[in-house]
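Structure record follows, encoded as C-alpha cells.
Labels A, B, C and D are assigned to the chains in the order they are written; within every chain, residues are numbered from 1.
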C-alpha cells in the first residue's frame, strides 16, 4: 500500500533520507568534500531528470491524443511531486560551488562571460522555475479533469476542488492543457539542454558538443520512463487492478522504454562517431579520457553494457515487457547504469587525474538519501490525490 | 648541394649529342631517335650547362634533356651569379622554345601579307639587300640588337664593317641610365658595379627592385637574404624608399613611401646627418665642405616635408644608417619620376661618406647591362634611320615598338619603303610585325655562344637539344650575309672559340670542353682592386645649378599634393620583365606576388586615390595622360602612396602570340617620349591628366580570398628580441589544445600522445619525407611555383577559369597583410602538408588518396573518381581538381615531364613532394646499395628557391637538416591544432622594430 | 460419401462472417478457407489463428546481415591495409554503420522471404476457388460438404445472412 | 468518415484509374521534356567536364549535393508516415500512407542519381562497388560516401519492398475489378493474393516487422547523409548535432512535400472523404514539431559556436547570417522555423490554401538550408587566402529542373495507374472505427 498511512514505508523513507543526509554531511566535513558534492550533483541531475521526464510522458500523451496510455498518465503525473525538492536541491548546490565548478580557476579564453557562478545560478534557477511552473500549471488542469467526481484527498486536493468550483468547463480545461503541454515540452527541451550545458558539459570548459543538450533531455525521458515503470509496477503489485493498469499498458510502456533506450544509444553514438572521425584534440581529449584511459574506460564499458546492451537484448523479447516485477528490476538496473553514466561525464572533470574510480560506499549511501526523498514525495502526492491510484477514463470534451 | 653538383656534372656537357646541333640541317625529329647519341639514355635525363638569356643578368642554367628534348631548366650550381638558383622567368625559358606561336620559317611581307619563304631564299634576299646597302654608301646597313655577349657583339661589328657601316646598337628598355650617369659623374666610371649586399648590415634602397628585375635579381636575392635572414648575431636591416611598395619593398623592414622623384631629399638629409656625425673620413675636405653646404637645408623636418614622409620614418632611418658598421645605399629602380639622377648622385656621395673605400662596390665585376645604349642614343638611332637614308635595318630580338613610348615615333621610322627591315625574331611581336622580312634564328638553348652577365668571367651556351627549325644562329647568318668565301671563320661556333682564345681565356680545346661542362670559366672571386675615387670635379657637383659645373638640382622645398593631379608610374614586372616574358603562359598564369592577380594588368591605387576617382576596388577606371588613355581595373591597396597610380609593365602587346596578344594593358603607352637631358634616360612616370571611373566593373582574376589571416595561426612571425636563446617563446601560450597553444607534434610515432590521439601511431619505412619552410627567408618571388608548373605538368587554365577559382597551382605563395599596418607582409608558401593524419584520406570512397609507407600523402590519379570530398575536407585547401581537359597546344606537349602523369579531366591532383624525384633517388641508392643521403632528394621548388627558404629531407634521420630545423625555436605547423600532424614545418618570420 | 462440393458464403458484415465461422464448428461440414478484404481481428479470433513465424526469418536475416556487414568492411580494409587519415585499418567505430545497414537490409530480405514462404505466395492456384468480391466488401467463408448436403450448407449460410456461391469440383 | 463504406472506398480509388484525359497526358509529356532536358545537360557535362557547373576551389560541392540531400530528405517522411506512425497506431496515417511511400521510393530514386551526376568521372562509378576483382581493389568503408552507398541502396531496397508489400492486397482488389490487359498485369503483380486469413496472418506480422525495421533505418539513413558533412573537419560541418538535426529536417521537408502532393491529389481525385481535413491537420501539427526541432538545432549551433569562443567557428556562423549568402540564410530561417509557427493557429491549420502555401515555403526553405550548410561552410574555411564564392550555372539548373521533372513524372504516372490510396488500410480503419465506436 503506497501511502503515508503505511508506517513501514514511512519509516523506510525517513531512514533512507537520514542515511543519505548523514553520509553527505560526514563526507563534506571529511577530507574529500568534493567527492560528496560529486555524488550530490549526480543525484540531483538523475532524480530531477526522472521527475521531469516522468511528467513529460503525460504531456506527450495529451499532445498526441493517445488512447493506449490510460492510467499511465496518472503514474507519470505523480513524479511532479519531486519538482519542489529538485529546486531546493538545486539551491543547495550553491553551497558546493567551490567543488562542482572546476573552471572557476581556469583560463577560459573569453568564456567567462557565460561561465561565472552568479550568472549560472541565476539563469539555471530561473530556467528550472519556468519548467516546474509550467509543469505544475499543466498538472493543475490535468488533475481537475481526473478529480471530477472522485473521492476527496488531502489539503492540496481540497484547495484544488475550491479552485475549480462545482462543475468545471471541460473544454476550456482541455484547451489549457494543450497550451501548457506544448509549453512544458518546449521548456523541457530548452531547460534540460541548458542544465546539461551548464552543470555537465561546462565542467570541462574547453570541450563542446552541439548535441549534448539534446542528449541530456533524451536521456531524461529515458530515465523518466524507467521511473514510471518502477512506480507503475509498484502500484500494480500493491493495488492490483484497481489502478486500471493492464499488461497491455506495461507492454506499450516497455516498447516506449525500448525505443528511448535505442534513441539514447543513438545520440551517444552520433556524438562519438563525429568526434572520433574528426580527430580534433579539442573534442577528442574529453572522449579519450573517458573511454580509453583507465580508470574511466572500465566504467565506460560498464555503462555501455548496463544501460544499452543489457536492456536492448532483454527488451527485444515481447513477454518480459508485460512482467511488472521483472521490468521493475530491469528499470532499477538501468537507472543505476545511468547514474554511472553521469559519473562518467562529471567524474573526470571533478576528481581530475584520479588513479582509481572515485566511486565507493559513500556515494551509494548518499544516493539512498535521494531515493528516500523521491519515495516520500511520491507517496505524499498519492495521498493527496488518491484518484491517481484509481483509474476512471478521463472525461472527454463535450 | 655538394653531392648534387657532382651528380649533375657527371652528365653535363657531353657533346656527342649537341654536336649534331647547329649544323645547317635540322634533325628530322628531336625525340625518340632510332640511333640515340651515346649520352642519351632513354628514361634518364642528360644535363647541359648553358646561360639564361631571359634578362641581361646572365644566370647559369643547366637544361634537363629527356629523350632529346629539353623539359626543364635549373640553375647551374657552379655559376657564381645565381649559384644554382633561378627566378620565375628563368624557369619559363622552355616555354619560349616550345611556344606554339613560334615562327618556324622566314616570312616575307608582300603588300601587308606574310608569305612563308625558304631559309635560303630569305638568306639570299638579305645578302642582296646588304650588298645594295653597302654599295649605296656608308652606314646604310644598321643593326639594333638585344644585349649580346662580347663575341657576338664583335662579330656583328666585324660583319657590319664589311657592309661599311658602324656597329650595332644594343637596346635594353631598362638601361639604368641614371645609375650609370651618377657613377660617371661621381667616380668617372660610366658603368654599373655589382654590390656586395651580403656584406652589408644596413641596406637602403631608393626604389631599386633588386628582388624583381634590378640588374641581377637572383644574385641579389641570395645576397640580400645572406645579410637579412636571421642569424645568431644581429640581423641586417633593410629600408626601401619608393612611392610604391614593390616586392622588394614588401621584404623591407620598413617601407618609406616617399613622393615620386623626391628620394634625393632623403639622401641629402642622410648626408647632412652623417656629416654632422663627423663621418666621411678619407674624403677631400673640399668635397665634404661642398656637401655640407649643399645638404645644409635638409633638416629632418625639411626632408620629411620635401619627400612627403613621416619625420619618424626618417629619424629611424637616420639612426640605423648611423649605427650601421657597413651600410650600403642602393640607387633608384626603373620606376621612378625624374629626379632619380639626383638621388643616385647623392647616394654615391653618401656611400663615399659612409665608406670612402666603397668596399661593398665591385667595379671589377660590373654588370653587362651597362653595355646597353642609353635611351637617348636609341631614339637618336631611330631618328637617324631616315636622315641617314639607311637601306637595311637588322633587328635582333628586340621589341622597341612595344617598349618605347608611342610618342617616340618608332613605328613611323620603321615604316619606310626605302628601308628594308629584317627582324631576327622567333615571335611575331609588335616590332617584328612592322618588319619586311622575319628571319627566325636559333634560340639560346639551341645555340653555341658565350654571354657573361658580368665582366671578369665567361659564361657559355651550348645546344641543349636538337633544333625545331632550320633557323641558323644569328651569327652564322650574319657571316653569310656579310661574307662570301672571304670569311675568316667557317662558322659562328669557331668564331666564339677564337674570340675566347684571343682573349686568352682558354688556350686549347679541352679547356673549352671543361668550360662547357662547368657552364663557363669562373675565376675565384677576389676582392675588387678598382677603388674608385671621387672625380676631381666632384666638389663642384653640388654647386648651385645655375653655376655651369653644378649638376645636383636641390629638391624643391614645396610639394604640391593635389589628388586631382596624380602621378602614374609604370614599373618593371617580376613576371614579364620589360614584356619579353609575356608569351610564356606560366608567367601569365602565376599571379603577381603582391596583387595576386593573374593575366590582367590592374592599376594600383591608394584607397584615397580611388575615392578621389570615385572608383571602387575592381571597378574600371580610365587613365588619361598627355600621351593617351587606357581603361584598367582599379586595384585598391595601401602599398602605393596616395595620389600615385602604379601599373606593371609587360602586358598589352598588340602581337606576340595567343598568350600575350591583347592580354592586359601596356602602361608604356601612357608615357611621354621624354628623355632626361642629364642622363639620356627615359622617365617611367608621368602626370595623369584625367582619371575617372567608367562605372562598370570587371571581375579580377585574383587568387586570394582574403588579404589578412583573421587572427588565425597560419603565417606567424616572431619579434627579433624574442629570438635570443634564453627567451622561452613558448611561454606566450601555455600548451593547450586550442589553436593558440597547441604543441608542435612531429608526424612521427613520437608525435603521438595517448591523451589526445584516438588513433594508434603508425611507423614509416626508413623515410618520413618532410619539408621545412623558412618564412624569414621567403621573399614571395614565386620561382618555386614556376618550377612546380614545369616539373609537374600542371595545367594552364587562363583568366576566365581563374576568375571562377579554378587555378591549378600545387604550390601557392599566400600573401598576408598585417591588418594593423598593411605594408607589413608575410609570404607563406602553401603546398600539400602531407599530414600524418590527413583529413583528405579517409573520406575518399576508393582509397585514391592514402598514406604511403614513407609518409607521403599519395594521390592515385587513375583510381580517383572525382567526388572532390578530399578537397572539401582538406583544411589547407591545397588540392586541385581537373574541371576540364587542359590543353598543351602543340608543341608545348613536348615540354611535359615524362616522369609525371598528365591528369585527365575529373580527377583530383596536388603536390606530391616531387615523388618522381624521390623514386629516382631510391633507384640510385639501391644500385649503390645504400640509404638515400640527406639532400639527395630535391623537389623542384626547393631546388630553385633563390634564398634557400625551403629544405626537404627525411624526418626519421635525426641528423637531416630538416629534422634539425624542427628543433628551431621558430618551428611550428599551420593549423596544427587540428591534429593533422603536417609534414611541412614552417619557421616563423622574424620581424625587427625599426 | 458422394463427391465433394464447396460452398462459399459471402457476408458484407464482419460479425456475421465471424459467427458463421464459429457456428460451422458444430456442423459436420469442414471449414476450408476464409477470405477477407481486411486483416480482420474478429475472424482471426473466430479461427483462433496462432502467431505467425515470420519473425524468425527476420531475426535470422538480421543476424546474418550484422555479421556479413562487419565482415565485408573488415575484409576489404584488411585486404588493402592502407592507412587513411592515420585511422586504424580495422576501424570499428565507423564500421558500425555498415554493420547496421546490412543488418536492416538482410532482416528485410529475411522478412520478405518469410512472408512469401509462410503465406505461400505467389499462389495462382488459390484463385480457382475464390470470389472477386472478397477483395472488395465481402467476407467469404468457404466450406466443403458432400454433394448431397449442398442445399443445407447453402441454407446455413443464408441463415447466417450471407449470399452463397457454389464451386463444383 | 462516418458515411464511408468499403464499397465507397473501393469506388473512389478505382475511379482514379479510369482512362486519363488529354490534360493528364500533356502534363506527362511536359515532365518528360523537362526530364530529357536535364539528361541533355548531364551528357553535356560528362563530355565537357564537371567544370560546366559552378563548383570551384574551395567550393567543390554545389547544387548536385544540395539536391541529393534535398531529395533524400523528401523521401524520409514517407517512411515516417508508413512505418513510425504505424507503430504508434496513428490512424490518420492510413489515407496518405500509400502516396507518401510512393513519394519516398521515387524521391530516393531521384536522389540516388545525384551522386553520379556529381562525380568528376561518372563512368568510373563502379569503383565504389565492393565487387570481387583480380587486383583486390576494394572501396574504403571508412568513407562517409561509402556509408551513403550502403545506406541509400538499403533504403531504396527496403522502402520499395515495403511499398510493394503494402500494395499487395490493393493490387488484388484492382485485379478483381478490371478486365483485359490490366487484369493480366495485376494478376501477376498481386501474386495470386486472395485475402485468405492464412495469408493475412503472416502478412500483418510481416508488415509490422517491416515497420519496425524501417524506423531505425530511416533515422540511420539521414544520419549517414549528415555525416557526409559532420565527419569532416570543416567548420560549420563538423558538429555533433548534425545527425538528429538532418533527420528532423528531412522529415520537415518530407511532410511539407506530402502536403504539396496530397492537396492537389485530394482535389483532383476527390479524396475529400478519405483524406479528411483532420488528416492534413495532423500532418500540419507534425510539421510544427519538426519545425521546432530544426529551429532548436539552428539556435544550438549558433549558441555553441559563440560559447566555444573558437574564432573560426564564430567567424563562419557570423558570415552565414551576415555574409555574402545571408539572403539564403534568412530564407532558410523564416521558411523553416518562423512560417510553420503559423500552423499553431487552428484556422490556418485547417485551411487548404494556407496549408498548401506554407508547404511550398517549407520546401523552398529546406532547399536553402542545404544550400547554406553546404556552400557557406567551405566557402570560408580555415585558410583565408583560399576563400572563394560559388554560384550555380545554367547546366546545374537544368539538371535540377530535370530531377524535379523526373520525380513528378514518376509520381504522376503512378497515381493514375495504381491505387494512390490504400483501400485495404482504410477499410481496416473503418472496421476498427466501428468496433471502437469512435
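Operating definition for what follows: a residue touches a chain if its C-beta (ideal position, glycine included) is under 8 Å from a C-beta of that chain, and two chains touch if they have at least 3 such contacts.
Here the structure is a predicted model, which means the values were calculated and not measured.
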Identity of the most central chain, Cα criterion: D
Which of A-C and B-D has more C-beta pairs touching across its chains: B-D
Subunit A and subunit C: spacing of chain centres that average the CA atoms, whole Å: 43
Distance between chain centroids, defined by C-alpha means - subunit B, subunit D (Å): 58
Averaged-CA centre spacing for the pair subunit C and subunit B, given as whole angstrom: 83
Length of the line joining the C-alpha centres of subunit A and subunit B, rounded to whole Å: 73
Per-residue overlap in subunit A, given as positions that touch at least 2 other chains: 109, 273, 276-277, 279-280, 282
Per-residue overlap in subunit B, given as positions that touch at least 2 other chains: 738, 759, 837, 839, 842-844, 847, 978
Per-residue overlap in subunit C, given as positions that touch at least 2 other chains: 80, 82, 84-87, 94, 97
Subunit C residues touching subunit A - in the complex, by the definition given at the top: 85-87, 93-94, 96-97
Complex contacts: residues of subunit D adjacent to subunit C: 5-7, 10, 130, 136-142, 146-147, 150-151, 154, 157-158, 161-162, 165, 169, 172-173, 175-177, 187, 191-206, 209-210, 213, 216-217, 220, 224, 227, 424, 427-428, 431, 435
Contact set on subunit D toward subunit B in their complex: 48-51, 54-61, 118-121, 124-125, 127-128, 137-140, 142-146, 149, 228, 231-234, 310-312, 315, 378, 380-389
Touch list for subunit A against partner subunit D, complex: 64, 66, 68, 108-111, 114, 186, 189-190, 193, 197, 208-214, 262, 266-267, 270-271, 273-275, 277-280, 282
Residue ranges of subunit C in contact with subunit B within the complex: 80, 82-88
